[in-house]
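One chain, chain A, appears in both complexes that follow, with chain B as partner in the first and chain C in the second.
== the complex of A and B ==
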């Protein structure tokens, strides 16, 4: 209940902001500001009084709004349109690189980029997974689960090889991507995805990793090719990251497996989830089982049925956040960066890049 | 002017700014010291005849000083560049320090070995890529964690995934594969059973007594269903067999049915009983 009321209040506040501001001004003129009172006891008393008044006003406004809505319903009129709550998503700072669905330039760019050969099924994705130099506990467990998620992925021990040497090796063996799992304090904390032979290198921060065995009621994935859900990759950069991720998975999902891998971008955090799903028909509330039987007897099967998807989570759950995107393969010294996250980018919480 | 003994007395017993006394011993910080240890023989200040090796950006130089130049600190040290090759460097040392005390020469050669090894190691390390150790700013980490948590709540992941899957279903991506047809299949089975139920009521009792052979029973039920169709005349044919069968055939069957179970009877005697019941069912229908 409390939650609901809170929501209502916030909605109410937006609409009536102007009148309230006027009230406030009036009050400020008539009364003294509580902060200007020197005596603490007096000050707190005045403050409490003000606060109480505010609360009362708010409640009154809410009631008035509800009443007007009810009246409108009774009279058969259209009630005032419900106010849409402001969220960070719909007040996002405008980004001129947000892709439009009819962006010719984008499509041409897509055809020319590094992943097009994989996404057009000219090449079959083949993934090399390796670790950082020092790797233990959760790292291997995480990699084992990654192997079960990504088809045609192979784990190679890191040894003491340079990453550049590994890139060279993978190129010779015709791998299409390299994933490096970086662990810190026995906890995977970063992911490096390198496209081969000349694809970009994306460095992600990895956080809130939950392994399969720690998920309640988890399922076990089958060996079918999973299908991919990439949500909310809107900007140019996001699009590119989306394609980078897409190129890790085979482009011919086996729908029989009913296995879905999701990369959902929300506020620049990429949430990874891995589910099994099933579609079920669910009767809506009006049609009872009796009614259904009657219908069946009639021979008509116009049931009021709704198709619902049910999910069962399996496989790891983690969150990625892009740190940098580098043009070309891994090269920290001479590499050319397409995008790097800088601290001054964090100054607004409504500015997103993916 | 140059009194080594006096200088040493001062250094050792009064004060020397290069001396560093630590728990493992007394060492010397003077860059000209051959061994790095503070003692009489390897003190560069208290020895008027002294030699050492110094490193200038990877190039080794042999430094020598003699008492003749002690009054000119400007060119006190005579410097000779040592060749890069270790053997040749040793030869150069031997040539320049031919008449010097053997102990000093030995120390210098030891220093040369050490420094060559160090140079090799340094070059190897420089070629190697090393992991860069980064700081983890606590403030940023906490902020990210907070925002991540909120973003996850805003994402409503399960709902969005379900929605996406349903959208795909509607777009027909799963056509012909999906498990919805399976439900339809069950539905059709249900309808068949419902139609068959009318007659099953009596038979079920018998089944409790007799039936173990599920396969056989299923066949029977199908037969029943078929019959039902034909008697109720021209219902939409769902069963696979039905399309071929005509009303004429049915009659022929109903006559010949007693023969067919007879054939079955030879295989498994049990079925005999069931056939009788089918007859009973027919009787029922007649009464209907």
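== the complex of A and C ==
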């Protein structure tokens, strides 16, 4: 019965296609869509042929474009402007919550929020790191690395304390933030960052964790104060998360240490990287054909030494995704959320919240 | 399930709303145009200052000389003109010099509509209630820039615990208070006596007692002070009947986070509840049945819900800093406005719609021939459980109808609420 139905459907489709083709072009009548061919062998053959043709065409187009660019260069004309690929990020849905630099309310709001005392250096960040109740293998190793990344961080054993009790304790000891590493099946899978004394609480999903020893050619960080790079935190929510992360680190980086911690937001995923960098003066290679040509064209000598920045990753490496942002400190029962991810918000791939 | 929430009737009827936020700003949002007006921020009053964070607000939207009272974090109560934001008087709420305003913040504020005493027109009466339970009624003379506040009555609502919600009923002679560790209690404002307090529900089957923590409360209907709806921190909504018993008549759970806002509808049996994770729903309180949720990408805690007294719309606002306007019949999002700050309160100003509706009413008169339609639409409104099916067919007619049926509806709802009372009495 099923087969019969299928047949009917496919026939219907064929009919549709035919009518469309008729409407469009009469000469393409002989060409039918490979999906409407019922014989699989034939269908795949036609499909492969079509694909091959497309590939050839594309290659031809590329070649033509390169040639025209080359010609334009030779003639001394301006080459055609390079096309910008359309990515999900640059076709992002318009968002009215994106922060604008001329927004007066934003800056007053920043001054009034919970982190302003730390970011104005009135308070020195002091971080308490703890775990969930059961913690083993990768968890402690990850925490050891976090301790080396974040200055003035202290690890406390979780024991059997309630998180609310820990918040109270940390408040008394004048900590400014608490980080809780949650482990599931011996693998860290969530991160909770609590701002003290009065919130907010951010809950992140943690994924693709790579520890330092698993990174090839990794470096070992020094004890200098790291520099902090926060990328692409554009909306109000993103701005707030950015400030929450910023408040974990001291606001006076030691540039001598050449140590940089990056939180890069891309499509609502926050990528964490930790690097050491160095500026090296390097002799530019003469064999570089492109450089030579440019030199010939311009006719003067470019400095043979150029400065190159080299990076060495120190680890760890992980990705965060925001699950919820809670107003106030940790309180699952009576807490108010500033932002919770709900499935009905995912209406489009091009809609981002950070 | 479709992932997209399409707005079937885009735009919203003309309204004017005021929102109050964490930086002490008051923003005026207006939607103009008869059909499909897009609400916009038309005015902003006050300078952003975190110490002036608005904690409570109350509006008296009379046709002439309306007033707006705003309680700020610094312990000041300001009385403004809601039409142009002109500050008429400022009252300090610091009762005793020993407590700082931060420790004893104002949680409840009510601006009395009727003139309680025989006073000149340039005066107003305020009820304030603080976290520690210090309630006071004072009348303020607005003679000059200096305010003469006569604290007529001051009393303490509770001895321990924190008050987190207070509400005054429609006749303005009773008030309810509730909070953390404080059961809902009702006070007679004329005599300043407590006339009723609730009783906590018994221990559950495991012998666990949930300490009382009320986060929001409201009177169920305007002309009846005996029925009270309260939302608790343990995500329960309870209906109390003062005339019947001290324990709740109906109590049901809503979702997982604490109830943060409860608002009654005009029909006297529908309530709107908002919770800490941004869920908004309407419930028929007679049965405790969920009528439906208001879906629309609402991601932050709902702090305040306001029902428009005439139009079938509600407004909600909260920590996601959006003001959202919803249609109550279809539960569709009509529009949303991004207001940049954590919002604490929203109120409607009905006089604005009056102005516009003078012209709208004229045109509505010409359309008065389809009275039959109007009545059918009225009936669909009255049957909330069956609304879903019929409302779709009648939507077109209802839009027209909603404007000129108000008068007749009010009468009907009054009758209805009376019959409701009987029902409740029977239940009890």
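Keep this in mind: the second predicted complex is superposed on the first by the 247 of 354 C-alpha atoms of A that agree within 3 Å, B and C clash if a C-alpha of one lies under 4 Å from a C-alpha of the other, contacts with A are read in each partner's own complex, and residues count from 1 in each chain.
Assume contacts are C-beta pairs under 8 Å (C-beta built on N, C-alpha and C of every residue); 3 or more make two chains touch, one makes a residue touch a chain.
The structure presented is a predicted model; accordingly, all values stated were derived computationally and were not measured.
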item	value
Chain B versus chain C, judged by how many residues of chain A each one touches	B
Contacts of A:319 with chain B and chain C, given as first, second, both or neither	first
Touching partner for A:155 - first (chain B), second (chain C), both, neither	neither
Which of chain B and chain C A:330 touches, first, second, both or neither	neither
Which superposed partner A:208 touches (first chain B, second chain C, both, neither)	first
Chain B versus chain C as contact partner of A:169, first or second or both or neither	neither
Contacts of A:133 with chain B and chain C, given as first, second, both or neither	first
Contacts of A:346 with chain B and chain C, given as first, second, both or neither	both
Chain A positions touched by chain B in one structure and by chain C in the second	343, 346
Chain B to chain A touching residues, read off their complex	128-129, 131-132, 140, 143-145, 147-148, 150-152, 154-155, 157-158, 160-162, 164-166, 169, 173-174, 177-180, 183, 187, 190-191, 194
Partner chain C, residues of chain A touching it in the complex	96-97, 103-106, 108-109, 111-112, 236, 327, 333-347
Residue ranges of chain A in contact with chain B within the complex	87-89, 132-133, 162-164, 205, 207-208, 229, 231, 255-256, 258, 260, 262, 264, 266-269, 271, 273, 275, 277-281, 296-297, 301, 307-311, 319, 321, 332, 343, 346, 349
Chain A-facing residues of chain C, complex	3-5, 22-23, 25, 48-50, 213, 215, 233-234, 257-258, 260, 276-278, 295-297, 299-301, 319-321, 338, 340-342
